[in-house]
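Next, two complexes with chain A in common: one pairs it with chain B, the other with chain C.
Up next, the complex of A and B:
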């Protein structure tokens, strides 16, 4: 049994307050989506499922929801693979270029999303490479924005990584790929999982970068919500928010479970 | 079905294009310019034609608006003309036009409110000259003159600027533009952020009515100062919420939203500005540099937009006023006293948007400062 220093009541109170502040917007969105009134207001004018029903029956919102899910899923897969590879290089390279590359990879997070989206749009249009207002063009934008989150979390999980474990596997006859798969990948799996969750959340809720890269006939959910609020200010947008929060929560739980299962399997 | 004009044009164009193409290859001329020469030759005289599966890029509002426009017009248009509509609703359009330049327009047709349309028109040779557009719109013969008064696009529906006020909380009712500044409305009146078109029109109208003319910015700034404190909203939808809750009891609005609120049972009424009568328009432009078939499709779609049947749908669904003289106003608007006559449409006022856009940076900075207190 470990001896742990007691947590001071002040620290606990601050932590609790912070948690409440973080969760409050979620609660407001959920209650606003269950509003019985005509407009998106808080506190709600009674509780009703009318706007949830409206969301489920809206071709615009449902297609936007599915489109955002697919977009986030694909960009997460690509970002996770590319981000993990980049992290491995950055954490193991002794080259002076690694530090510069680390900064370079983080640039999309530093740049305002609108600037990045507009820059990409202008690049696509002026070079005429057929990416303007296409799914591929939008996907590139999302990968650029989400990749840094994977790099950051995987790089963090590589700190203090004991290379001798991998070397031991190699000395016992494992190929480089087998050593990586059975040793390194399993040890950094939590970092990859966390990065993938971040990537999914960021992509699913991405608005600024998407603004200039949106594909005609296909609006991602944040765009559909913005448009709805702009013209009608109905609680349907908040109802859509409930389903967005649910999806993100579900993906987080599923990812955590997958990592845990992996640990169980490994044990 | 193929129109006679197209059959005639195809033969003549075929010959000329072939000749021009050969000449251009010899001279090293950019093929784009040949296509441009042809786009000017696109003629639409009404009726339906086979576009051969061509794509038409359009920019228009999204959400419920898109659902209705698709259902009432675009779905049938795609079938009738054998074309594919690519619908973009991610406003704003201005940067998308400017990013590609006039020769690579992102849309064949774009739907605008005035401010951004004039800004885009000033930024380059993006739009087909209005005279040329009107020549190709048979339904334009029946529209009110103000619908083409901008010289840039064709206004196909509109609403009137007004104040929305709570009938149960404002007594006596609002009677003039300047009533908004009455002391009793302090903290209970509402307008919008400076990027919102309603605030732009409100500001210009205040310049005109409190100052020498619409260019009297100092008078406008003073009017905004005198109106403080007031609630500043992002969108009209949000203002509806503030009005419903009674946090705002008089607000800058356009009449369509007030009528919708009235029909939802909310105790509001409009005061339509009479001293100056700006209108919130839905105006469409057709891009200049298009392939001939796209331009012809664009003419056909815009022509259909001016059709009395569709105008009636917009009246009924969105409380939009028609520009076609033949439209009988639908009951939801008629019950509010809206008519579609020469008298009722006379005297609409278009602010000098060129001047506003030239001074926009100063106006935005100054008014934002006033709103921030």
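Up next, the complex of A and C:
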């Protein structure tokens, strides 16, 4: 008896091609960022750390990088908490409202980012509630966009969750909060961290919604890269891209490590 | 003194009642079963005792304390679920230690008690295993150990055997009963399986359509069913249409197609009314086995089914089919299909019930 059916060579080839296509832009950005030439070109005219140094020395880019990082971190924290709470409700409530709300929560993903950004901008300006072009206003936009990713992954991890586990903990003497913390939270932790990683990546790379909501003179990294490229076609933007990719890759690796470590030690 | 007392316990969902006015007293150390078909309200009753469902009205007492409003964690009631609910992210020892840790017990004491609990359920050396490495029977033992180690006042068991295969179910039935007897812990057991209820219980409460229809010892429930529902739910029965002729002391005289016969009967049976006469298959006597008293009726053997320990007959009496069972013992008389025979029963083993 065979363990698995062999994978057909055609299937393998298609998979390889897809992988190459997905990774190619990353390679291009990295190589462009390491360009030794004066302008953003591909293939690069020799390799050097010239533009990486320029990025690290650029006050505009560095502050944009840090700004984006903080923005992504805060919106990830907020949407992870909100999204997890929403998922708990959505997966446990049997009311018709929950079913309707599920679609509603997912709306920001379906809606074009530009439309969402514009809508928020108009709302902020016309209501004059002091959110237009502020960090808080931008943060709300990012939470709206990132929350559905948390909801989707956490809800998926709640499928088939056995409520009697929580009940067993309760009758053994655990308060509702303790039972949630020691049982439910531990079991859906992989879903939550996957959602948080998604949220962080989406927020960090968010462009369209951000377009209308940025605080003057405080551009997040994607905006800063766009502006830089519009006025001077310098490889600094590509160098910034390298760091953006590095941060996303790092956060993914670190978070997945954290989750599996927790599984090993079961604190 | 009763250990658990349910007073007019009711749970309604929208229009209908899941549990209606259940009144029940369960004694200290008693093994009490709630028996009924699915949807009869037995699980809802158990979950109200555990504190997972808030009753619409009525009260729950444990000893002298009204616990109706207490959350589950403050009731000191242990529950074993149908699917055992072993925490999958903890090993066996951590599962069992869960309740003790919440009670802020010293580490050494926890370790000692966990070890003792594992010994009690026969799982010494299983400390490091996880739920996925345990069989159904082992999971059940862990679930029991996890509950018993906290020494709860009351033990609730929600269909704990239904997920096991038949052989193991038989074994666990006696094991649980023995453990319960040894610990003298007041136990409420929910099941839809009459064999489990009859074998394990001190008393049984039969539930149907959100109500308790009869409470009694296994013998009472089996031999003296008060309603047709109890008769049909527990074991097989022959049910015959009769007319009540008159009362005769404790007994009642009924007429079956003109044959008058004595039967045990409820006091509310009025002469002249229709009733049902109930006789268990094993109490139908045939041929030479017929006793001195009781009815004598002509019947034809339709079929004989050999089942090893018992032989089962389908008989035709008048227009009705009757099932009879006899122990397959040495020298027992056997009847071929088509044989004309006389059947009857002991009046003390027949029950007249309101139609």
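As a working rule, the second predicted complex is superposed on the first by the 260 of 267 C-alpha atoms of A that agree within 3 Å, B and C clash if a C-alpha of one lies under 4 Å from a C-alpha of the other, contacts with A are read in each partner's own complex, and residues count from 1 in each chain.
In this section, contacts are C-beta pairs under 8 Å (C-beta built on N, C-alpha and C of every residue); 3 or more make two chains touch, one makes a residue touch a chain.
Fair warning: this is a prediction, and the values are worked out from it, not measured in the lab.
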**OP:** Record, for the superposition on chain A, whether partners chain B and chain C clash or fit.
**Re:** fit
**OP:** Examine A:165 and indicate which partner it touches, taking first as chain B and second as chain C; both and neither are also allowed.
**Re:** second
Subject >> chain A as apex of chain B and chain C, Cα-centre angle in degrees (nearest 10) >> reply: 150
**OP:** Once the structures are superposed on A, label A:173 by its partner contacts, choosing first (chain B), second (chain C), both or neither.
**Re:** second
**OP:** Report for A:156: first if it touches chain B alone, second if chain C alone, otherwise both or neither.
**Re:** neither
Original post:
Is A:229 in contact with chain B, with chain C, with both, or with neither (first, second, both, neither)?
Top reply: first
**OP:** Applying the touch criterion given at the start, work out whether A:77 contacts chain B, chain C, both or neither, answering first, second, both or neither.
**Re:** neither
Original post:
With both structures placed on chain A, which of the two partners, chain B or chain C, ends up touching more residues of chain A?
Top reply: B
**OP:** Please indicate which partner A:183 is in contact with in the superposed arrangement: first for chain B, second for chain C, both, or neither.
**Re:** second
Subject >> Which of chain B and chain C A:248 touches, first, second, both or neither >> reply: neither
**OP:** Give me, in Å and rounded to a whole number, the least C-alpha distance separating chain B from chain C in the superposition.
**Re:** 49
**OP:** In the complex, go through chain B and note every residue touching chain A.
**Re:** 57, 61-67, 86-90, 95-96, 99-100, 104, 106, 235-238, 240-241, 244-245, 264, 266
**OP:** Show which residues of chain C lie in contact with chain A when the two form their complex.
**Re:** 50-52, 71-73, 75, 77-79, 81-83, 85, 87-90, 94, 98-99, 102-103, 143, 146-147, 150
**OP:** Would you mind writing out the residues of chain A in touch with chain C in their complex?
**Re:** 162, 164-165, 167-176, 178, 182-183, 186-187, 263, 266
**OP:** Using the touch definition up top, name the residues of chain A that touch chain B in the complex.
**Re:** 37-41, 59-60, 118, 121-122, 125-126, 128, 132-133, 210-212, 214, 216-217, 219, 223-224, 227-234
